[in-house]
Each structure stands twice: as structure tokens, then as C-alpha cells.
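The first chain written gets the first letter, and so on, giving A, B, C, D, E and F; residue counts start at 1 in each chain.
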Amino acid sequence: MSTLGLIEYQDASTEVRAVYDDIMATRKSDWINNFWKAIAHDPALLKRTWQSVKEIMAPGALDPLTKELIYVAVSVTNSCHYCIASHTASAVKKGMTPAMFMELQAVVGMANETNKLVTGYQVEIDPQFGLPFAPRT
Amino acid sequence: MSTLGLIEYQDASTEVRAVYDDIMATRKSDWINNFWKAIAHDPALLKRTWQSVKEIMAPGALDPLTKELIYVAVSVTNSCHYCIASHTASAVKKGMTPAMFMELQAVVGMANETNKLVTGYQVEIDPQFGLPFAPRT
Amino acid sequence: MSTLGLIEYQDASTEVRAVYDDIMATRKSDWINNFWKAIAHDPALLKRTWQSVKEIMAPGALDPLTKELIYVAVSVTNSCHYCIASHTASAVKKGMTPAMFMELQAVVGMANETNKLVTGYQVEIDPQFGLPFAPRT
Amino acid sequence: MSTLGLIEYQDASTEVRAVYDDIMATRKSDWINNFWKAIAHDPALLKRTWQSVKEIMAPGALDPLTKELIYVAVSVTNSCHYCIASHTASAVKKGMTPAMFMELQAVVGMANETNKLVTGYQVEIDPQFGLPFAPRT
Amino acid sequence: MSTLGLIEYQDASTEVRAVYDDIMATRKSDWINNFWKAIAHDPALLKRTWQSVKEIMAPGALDPLTKELIYVAVSVTNSCHYCIASHTASAVKKGMTPAMFMELQAVVGMANETNKLVTGYQVEIDPQFGLPFAPRT
Amino acid sequence: MSTLGLIEYQDASTEVRAVYDDIMATRKSDWINNFWKAIAHDPALLKRTWQSVKEIMAPGALDPLTKELIYVAVSVTNSCHYCIASHTASAVKKGMTPAMFMELQAVVGMANETNKLVTGYQVEIDPQFGLPFAPRT
């Protein structure tokens, strides 16, 4: 019931199918979730978004599970229910245990609380925080 | 210039000093940042908040650096400038390299973008996402 | 299932009916959507809100379609599902094509991403941006 | 004073300079604003973000000024001060008059208000809103 | 340094001065804060906003101080620094003590934390909550 | 259908039951709402959160109803549907009348509007607002 409807594999153009194929191959999965089928009406957006997600979520200085945990943290803070469902599932697939899930939520909750205490008390930034990488790089 | 002013160590009650001492001991640091000095007007809040932060940020199923990265991700999503400054500094202290910082920001940016694409296209949750831990626990 | 229930036309006071009539006349529509029926319990709020919406969304320096696009952009950023549904429908009624819808969502997604990159990297405002209308007025 | 510092043109790698050159050529401008200089530490992010912005903000079904207005609306809703300053300046450059600026802000303010009234009154989506493009496509 | 500049009393039109006079008379104050001077470029917005604020913040089923506390709570949650400063000052003028300020912030912090725990754990609404006024009205 | 499922009283550990019992005793209620049953998988979080909520929401410088109104205001601003439903119900239990509900929503709506007008017009904080308690403490 997405605004423009969902484009299923069998109804997709060659260009869109190529992205769908790459998504399934990269994720070692045999289905495409609704997000991609919803934005496939805009093939440029589909390609650009998938390309960016693929690059950004690949192993690097941070491992893929840590990246998924960060994705969930943002999605919870934004109250994006779809994203919470999809990235919680992805995180589980990449190794998140129930214990890790619970610690993640505790940090997210705490961060949201202290973010607002800082703001409500109008606390000024300590000069000591400035340029944290400076002595190291 | 916080709303109620900052309570410095030398002006603090015994109760508040005990929290300050524990913060510095836990962090192996010799100073207290403004956040704690601002909320110290409410000793119950100070104690409860520090106790929660201490417990939640301790090593567990997730390591302390991962928890700091999550804290930064939430703070950026909430546009809490103080919290970004303080938790970026903490993350550096716990081992975040510039490369990790950059990957963190890329994930946060991407997550904020796709959160809104999902929402704007009114995408429905795939039934496949439900109860992600079910087959495992 | 709104908190106070919905006030239908036949059950409405004369004061509320007058607003409902003006909404339908202005919109060339024969029905009232739930938002107005929900807030009609507070006739002062109903009148004030409708009066403001009517004035603000009227043609001016910006045309009504552009205003609806802006309304949708805000609603997506706020994750207000009702508002996304209602203002997407209004925008279609005022001439938004699927192509315009897709470009709108792409801009909203991009803006949400760069908003957070700027914030996470703690970028300072360039002095060149200050008082953008200054040379013109 | 951005977290990693700003990379000036003279200190930039060939890869980064190529993006800076394209930004200035596309915008018919002779300077680079801080956002790009801050994220240039991550050349992949710099290139991908600039490429996306360039594509998305180009004339299409929506004209460039309308896109800037949408960008400002998102930035205000997110309280991104840097983005408000930079995109307000861009919008002025693309033709936004003070009258258009004022109507934009009025719509953004109104949308933020009604978004919350809908949410606070727990209003359910009218079935009439579903699939707004259905009769057309 | 507001986008369009500030309109001072001596430079204001009769229409704008009438609003300024009513603000000062209502608030028993001899100055106008920057918010009103910034939006005075749009006299319709100035008048409508002041009229709404005046009506909404007047004593009613809730007293003016409670309303200010609610205003501060929203402003903190939205990270609106200007609004936090102005409405904290207004609340103090209407009787908020430091003890009340501290309890307000504690509630705001807690609510922001539990809002996110609920969201992150994907908790469904209990049927018992539906239509809370039903048995009473 | 919460991520980890709900822990019912009969399936709960002694530790969790003790919290459930205290919730019901404190609230003079004979049931536990889903939020607590969802987070009970993390007994430390359950205990800490309940303890904090109990302390913070107790009568103090602000009465319990005022605190609930503030809780609702935050929850609406965050678009937390569960929290709006649960705290609206709590507020009714503590004495919120429909008239109070409507005034609360009007203030929340207005605050969200002016928060964004201030931000969009880039209004600077008046020096007069600084340290509002200064002359009093």
C-alpha cells in the first residue's frame, strides 16, 4: 500500500531487475523487501540509494554489525517503524544477540535522555572537547 | 552559562562530591565536564543519571567503544551539539580513529536519508521482518 | 478512534458546521477529513486552525502546489503519517504528478542526510551566508 | 572548527580538487563552503554526496528554486542551523524573494503545528486518502 | 542577525506597533523580544501568531504557569535554543521556582528516554488505553 | 508483537515479579501494560526505569497531573504513539478533563509552530533572557 505501489520483480524493467539482483546477491537472500520495491518507480533513486547503502555498510574501519547497530539507533531516534523492523532483522542476521539488542536499546534510551537534559539545562560546550583528534593526527 | 549555573567541586556538597569523585575515578580523568556540574543542582538526578550512564556504558555484550558510537549517532540525529562534542571526544578516548569517525557519520547520514524515503513513500512493513529472534531463541 | 472521538456534521453545533461548510466550499469537496472532526471538540482551535491554514495555503508569492510540497516535506521529516497521507492527497489534487512526487522525496531524503552530516562533522556557518537578502533590500 | 578540520583547495588531493572544481563550475561560484571542506576527509563521501546533490537539485519535474524551498523546510524542521543558513542563501541566489521566504516560513510553522495536533489527538487516516495516484496511473 | 533583520518599534508601521503595544500591555513588560521583531516583516503572521499565543496561553482549564512548563518541554524536545531561553524566562516570571525547573527537566529527560525504549522494543499499544475519556463523558 | 515478546506475570522471574508488584501497588492497578512486559527481558533496565519513573513522577514541586501533561507534551512532539496512548490514559486517571486535554494540545501545537518560526527566521537569543533565576537565588 505504498504511495506509488510496489514494483515486483516480474514487472520490473531490466534496469530495476539489475539492482534487485545485486541486492539479493549481496545479501545472499532470495527476496526483496518493500522499501526497494517502493522506490523502484524512480530508478535513479533506486540505483543511487542501493549503491550508497552497499558501499557504506560494507566492512571497513567499522564492521557490518556495528554499522547495523548504528542504523537501528538512528531509526529508533527518528521513530521510523519500518526501518526499526528492517534493520533489527538485518542486525540479527549479522550476529546481534538478544543481549546485544538490549544493550543497544539501553544506550539509545540513555542518550535520548541526556541529550534533552543537556539541552534543557542550556549547558555550554566545554573548551576541552574541541578538536578531539588534534593531539593524535 | 547554564540555566542554574555550574557547581564547581570546591562549592559542592559531600553528596555531589562523591559523584564527581566517582566520575573522575571511573573515567581516569581529573576534571568534570559541564553537564554534570549543571545538573548537580538536583543531586538525585545527578546520582541517578551517573549511576545509569556508568552501568549502561560499561563493557557487556557490546564493548564501550561501540556504545560511544551509538551515543554519537543518537546525538547527531537529535542535533544535540553539546552531546556530539562530548561523546565524540569520549569515543576518541576509547579508540575511535578518524576512519571510524567518518564511517560512523556516513552510516548516520544514510540512515537519516532512508528513514525519510521509507516514510515519504509510506512503505508498509514486510511480514518477513516480524520477531527477528524467533527462530533462534 | 481519535482521543475524543470525531464530530460528524449532523452532530455538530452551528459554529462547527460553519467551519465545516467553509472547508468544503474552499476545497470544492463534499466531505470533511478526520483531522477537523477530531479537533472540533475545541471550536476555538478548529476555527483558528482552519482560518490560518486557509490564509497560509492561499495563492501568494508561492503557488498552492508549492505550498503543499513544502507541507509534505515537513510532514515526512516529522514522521507524521496522517499528515503525509492527507497532504500527499492534497498535492495530487493540486497537480502533483508522480514525477514531482518522486523528486520531492529525493530532495527530502537528501536534505535529511546532509543535515546530519553537517551536524555530525560540527561544521561552522560560513560568514558568507549571513543576511542573504542584504544586497537586495 | 569542524571535527576533522577543513581541507582548503590548496591542500586538497587531485581527487578532492576535482569535486571542488565541479562544485564551483556547477554553481558558477568562486568559493567552496565549509560543508564540503569538512567532509573532504572522506573523498568517497564527498564525491557521492556532491554527485547526489547535483543530480537531485537539477531542473526536472520540479524547478531548482522549489527544490531549495523544500530543502529549507526540511532543515528548519530538523533545526539544522548550518543548513538553514546555507540553503536560505542558495534559495535567494535562485530567486527567492523576501515575500517567498515569509510564505515558506509560514507554511513550515503551520505544518509543524498541525502535525502535532493530529498526533496528539490520535487521528486515524481517512480511507479516502489511500493511493492518491490510483485513478491517474 | 535574523534573516530579514529585526524591526524596532520606532521603525514599525502602525499595524505592527499595535501588536507590539498589545504584547507589552498583556505581558506588563516594556520591551519586545527578538522573535516578534523578526517576524514583523510579515504583519499577517505577526498578528495571527500573537493572537493565537495570547488566547492559548491565557488562564483556562490549565493555569498559565502549567502552560509555560509545557511550552518549555516541547522546546527542549525540539532543541529550540531560543525558545528554551525565552520560555524558561517566561516560566520564571510566572512563578517557576528552581525546584520546579529541575522536576520539569527530569520529566522531560525521562519521557524522552522511555519514548525511545518503547519505540526500539516495538511495543504495541495495550487495548486498555483506547478512548480514555469514554467511561467518563 | 514486541521484538523480544512480552513477559507475562506467570512467566516472570522473582526479580521481575517484584517490579511488577510494585508497579501495580504504586498505581493501584491490577494489570501491567506492555511497555514493562517488553523491557522485562532486561531486568536491570526494567528495575532502573521503573525506579526512575516512580521517583520522578511522584508529587514534589510539581504535582503528578502536571508531570503527566508534560510527559504527553514530549510524547506528542516525538510522535511516540504508544506513549501518547499510555500517558493520555494516565493523565485522565490523575484528573485530566477533556478541557485540560484540549488546552494541552493547543499549547503543544503552538509551541511546535513557534519553535520552527524562530528557527527558520534564525532569531538570536535576547541577552535579557540569560540566567533567569539570577535575581532570585
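The criterion applied here is as follows: contacts are C-beta pairs under 8 Å (C-beta built on N, C-alpha and C of every residue); 3 or more make two chains touch, one makes a residue touch a chain.
Just so it is clear, the model here is predicted, and its values are computed rather than measured.
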- With one step meaning two chains touch, work out the least steps from chain B to chain F. 1
- Note on the structure: When B-C and C-D are ranked by contacting C-beta pairs, first place goes to C-D
- Please report how many Å separate the Cα centroid of chain A from that of chain F, as a whole number. 28
- Note on the structure: Here the gap between chain E and chain F, centre to centre from mean Cα coordinates and rounded to Å, is 19
- Message: If I count partner chains per residue in chain F, which residues reach a count of at least 2?
- Response: 1, 3-4, 39, 45, 49, 52, 77-81, 85, 88, 98, 101-102, 104-106, 108-110, 112-117, 119-122, 130, 132-133, 137
- Message: Which label fits the chain touch graph of this model best, line, ring, star, complete or other?
- Response: complete
- In the complex, the residues of chain E that touch chain D are 3-4, 39, 41-42, 45, 49, 78-80
- Query: Touching chain D in the complex: which residues of chain F?
  - Reply: 72, 76-77, 79, 81, 84-85, 88, 104-105, 108-110, 112-117, 119-122
- Note on the structure: As the complex stands, chain B meets chain A at residues 1-4, 31, 33-35, 38-39, 45, 49, 52-53, 56-57, 60-62, 66-67, 69-71, 73-75, 77-78, 80-83, 85-89, 91-93, 97-104, 106-108, 110-126, 128-130, 132-133, 136-137
- Note on the structure: In their shared complex, chain F is touched by residues of chain B numbered 1, 3-5, 44, 48, 52, 55, 130-133
- Query: For the complex, which residues does chain F have touching chain C?
  - Reply: 79, 88, 98, 101-102, 105-106, 109
